[in-house]
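Some structures to go through are shown next.
Shared between the two complexes below is subunit A, which has subunit B as its partner in the first and subunit C in the second.
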Partner chain A sequence: MNRSSKLSKVYLALVFIILYTPIFYLIFYSFNSGGTMSSFKSFSLEHYKAVFADTRLIMILINTIIIALLSALISTAIGVIGAIGIVYLKNRKSRNALLSLNNVLIVSPDVIIGASFLILFTMVGVKLGFASVLISHIAFSVPIVVIMVLPKLQEMSSTLIDAALDLGASKREVLSRVIIPYIKPGIFAGFFLALTYSLDDFAVTFFVTGNGFTTLSVEIYSMARAGITLTINALSGLLFIVTLLLVLGYYFVTNRTKNPLRTGVPK
Partner chain B sequence: MTDNTIIRFENVTKSYDSATPVLNNVSFEIERGKFYTLLGPSGCGKTTILRLIAGFMEPTSGDIYFNGNKINHVPANERQVNTVFQDYALFPHLNVFENIAFGLRIKKLKKEEITRRVLEALKFVNLEGYENREIVEMSGGQKQRVAIARAIVNDPEVILLDEPLSALDLKLRTEMQYELRELQQRLGKTFIFVTHDQEEALAMSDEIFVMNAGVIQQSGTPMDIYDEPINRFVADFIGESNIVPGVMIADYRVQFGGKDFECADKGLSPNEKVDIVIRPEDLEITTVDRGKMTVKVDTQLFRGVHYELSTFDKDGNEWLVHSTKKAAVGEEIGLDFDPEAIHVMRLNETEEEFDKRLESYGEENHAK
Partner chain C sequence: MQNNTNRSYYLVPYFGWMMLFVIAPLVLVIYFSLFDLHGNFSFINYQNFFTSVYLKLTLSSFWYAFLITAFTLAIAYPTAYWLTKTKHKQLWLLLIIIPSWINLLLKTYAFIGIFGVKGPLNKLFESMGIGTQQILYTDFSFIFVSVYIFIPFMILPIFNSLDKMNPTLIDAARDLGSSTWTTFTKVIFPLTINGVKSGIQAVFIPSLSLFMITRLIAGNKVITLGTAIEQQFLVTRNWGMGSTIAVFLIMFMVIIMILTGQKDKGALSNEQIK
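Now for the complex of A and B:
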């Protein structure tokens, strides 16, 4: 018993080391004053300086963040409304059909989504750029939000809605005063997940971007193809830190909203 | 219809899909300021009546009146009733104060008035000082009180209670029975209480509606229903009873268990087949030669206040006896009872016919 648990701990540590070593290797060399990742000369921040000196790169970073925030916000709104719609659909068959359609979008490969959006945009005549990237990011984020919000909605007892109606609330007040506050943790989870999906999306963006508009992941890809420079390392390091902050932020927010729902004994 | 009537059901039927209706052509009146109980086994339609009054569903046919106005299609949020739910349905994201204030905030009352009324409601349910607690910090009984406070704070004309005590343990349940009854009398409001617990119904109500299979079997005061059940179902559901088949030989003469007995019923056709009910506490243990009936003791249980004896007569009918006296298992004993203890039930008698028959006895007694 004791030995096996020790063994499993070692295994777990090994898995995490394998997963995280490349990232830390990358970040470690971003501080290398030498130009390659083969030998570490001395500590320097010159690559970070290079990143911040490159205004084009900074613009791309800002674009990426704007796309991520906007698409996460819009898809959260759409996803929440969608999830509520799905849950309170009376017909079970159409409810299951909608749910399946939603889940198919989550499991279908990004390449296919990206390619199909490219076909759609060229057919309709949407200029590839900011708008096309934003629309496609919203599209692949909505199903994620739905999936995050749905369990909370299903867990909510229907008598809560009856009780609110009974106390005189209109349908709108039921939504704003009971349903939305109840599913808030799910909404936050959906928003943050949509944010991270949008931030690190490469495949879909690669297909639908154009007119000189790029996001960070696409830019890093093209920089890496042109030849490795340690600027990429520095950029990746920055991105990693941002992601880490987001995860921490998500953890903090959900923990705070979850706290009052914790099962506790009377004080 | 009197001025005192607050809710009236007229031939109300409710069915889902095309299957047998949950509620079958039900008509009744609810008077102001009384404590009503809808009593019946699960699936008898009692909760359906409550949901129809609350406005969570609409009748398939028939009409519902509230203060004389038809309210079939009035939505729940515009009705002058409030409900205490079985699972309490308290909002977990709000604390005790905000839960109770919910209805008042919807009505957009002034802040001071909300505070005053919420604190008053808390006082009414003996929860002073609990206003800042979170719902998860409250015990089952306390949640129950919050749910009641949330209903009464809106000052509704009718309060509906959907099996509110079923989740509590026995001791707390008995305590809450007293409290609810007392609360109803203090407020003077109409309470409609749904339960499947016959003791609860007998203890708390002014008026009981016994329901089965979507129909009100009998309505009346707890004593009426206990002493004069209309049929086998009611007799069996309310308290323990001995129910045996019998024949009405003539007025005041009934035959069962192979013997003739004197009884208090009349006006039935000669040789009509009937059901006989004798409550276990109306049977008295005596010696074989003194008893009106001879039975053999099969089992004996000590119940604290009394012994519960299961006995069988020659025909194999079981007779349950509640007695403070002891008997020996396997022994033959005599059972004695008053003529009034025999309650005769006609088969398939409607409530109207039943009431008329009972009234005719009363007139006769007055005439004497």
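Now for the complex of A and C:
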């Protein structure tokens, strides 16, 4: 028993080391004054300065954030309304059909989504660039929001709505005062997930972005294909901090909404 | 009655969105697969797909996807199992998940440095007296990086199904005299098979369609269906052939989903994303 628990600790430690080594390796060399990822000369912040001095890179960063925020917001709106619609559907067959349609986009490989959207945008005549990237990010985020919101809606008792209606609430009030507050954790989870999917997406964006518009992932790809530049390392250091903050923020928000009692107690 | 018609308005934006971005693209891909390079209707792309070039490509793509999935499962299952035994398991799980939130491109880029000719791994080889090896642009580096990327996605569903399992069942098996190994093969593994299936689904299908990792880590070789699609669409600009490969990839995807499908649909959607 003791031996196996020791073995398990060693194994888990090994997995953790392997998972985190590449990330810390990147960040470590972002402070290298030399230009390579193999020999560390001396500590320097020059690559971070290079990131902030590169206006093109900063523009790309801003574009990426704008796309992520906008697509997360819009897909959350569409997804929440869609999830409410699905729950209200009385017909079991059409509800299941809609749900499997919903799952198609989640399971579909990025390459397929990217390639088929490229055809779609070209046929419809949407210019490849900001609009096409934004629309595709909304498209693949909507099903995720639906998946996150649906369980919350299903566990909500319909008597709550009946009670509100009996007490004279209008339909709009039922939505804004009863349903939305109840499913808030699901909405937050969906929004954060949509945000991270958008920030992380490479393949779909790579297909549907034109010449003039780039997001961070696509830019890193073209930089990495050209070879090693420590600017990417500095970027990864910055992104790692942002990611950590996002994860912490997400857990803070979801845990707070999960335990409303706990927040009432001052610490 | 009036209630019902009102409520179905909720579905309009969502339904329209799904028609436009699920059905329409699917129809367009199938439509485009029926045209040759000059815009004439033909089945030439399908004929081409059944030539040795594309059949070999499909086979190699499946072989790599199989290897990636097998290694990922072999590493992820014990990790998930022992994670459920730790004290603060949710915290540890979060720590396992965090790397998967780091931008995919950055993680892949890190391996260009690690596996490079002057990278730390080669330095280790040299100090051990093996000498410098070409690691980048080999099958090993491709599979290693892919497994690295997919591990958290395999751990998550397996962890969830292990976590849901009733621990008294294991005690019962032990009391009835079964060995640790028998308990695992007869009790634990069958009870967590749904998690394993969702994990396989979450790894195998993306493995077939990788193209970024093949380009950056495996060199410019076209060894997966995803790389072939990217090549046809963005390099040679033969949308017809690209769409044909996409049609087959969609078919493979559906088959895999049926094979790894679960009777309990609700459990699946809950497990995939927690």
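Simple rule for what comes next: the second predicted complex is superposed on the first by the 249 of 267 C-alpha atoms of A that agree within 3 Å, B and C clash if a C-alpha of one lies under 4 Å from a C-alpha of the other, contacts with A are read in each partner's own complex, and residues count from 1 in each chain.
Keep in mind that, in the parts below, contacts are C-beta pairs under 8 Å (C-beta built on N, C-alpha and C of every residue); 3 or more make two chains touch, one makes a residue touch a chain.
Bear in mind the structure is a predicted one, so any value in this text is a computation, not a measurement.
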Which superposed partner A:247 touches (first subunit B, second subunit C, both, neither): second
First, second, both or neither for A:167, with subunit B first and subunit C second: first
Which superposed partner A:8 touches (first subunit B, second subunit C, both, neither): second
Contacts of A:182 with subunit B and subunit C, given as first, second, both or neither: first
First (subunit B), second (subunit C), both or neither touched by A:157: first
In the superposition, subunit B vs subunit C on subunit A residues touched: C
Of all residues in subunit C, those that touch subunit A in their complex: 4, 6-15, 17-18, 20-26, 28-29, 32, 75, 78-79, 82-83, 85-86, 92, 94-96, 98-99, 101-114, 116, 118-120, 123, 148, 151-152, 201, 205-206, 208-209, 211-212, 215-216, 225-226, 229-230, 233-234, 239, 242-243, 246, 249-250, 253, 257, 265, 269-270, 272-273
Interface residues, subunit A side, partner subunit C - complex: 5, 8, 11-12, 15-16, 18-23, 25-26, 29, 36-39, 78-79, 81-82, 84-86, 88-90, 96, 98-99, 101-113, 115-120, 123, 139, 142, 144, 146-148, 150-151, 171, 193, 196, 199-200, 202-203, 206-207, 216-217, 220-221, 224-225, 228, 232, 235-236, 239-240, 243-244, 246-247, 251
Residues of subunit A that touch subunit B when the two form their complex: 157, 159-160, 162-170, 173, 177-178, 181-182, 184, 260-267
Touching residues (chain side subunit B, partner subunit A) in the complex: 54-56, 75-78, 81-83, 85-87, 89-94, 102-103, 106-107, 133-134, 136-139, 142, 150, 154
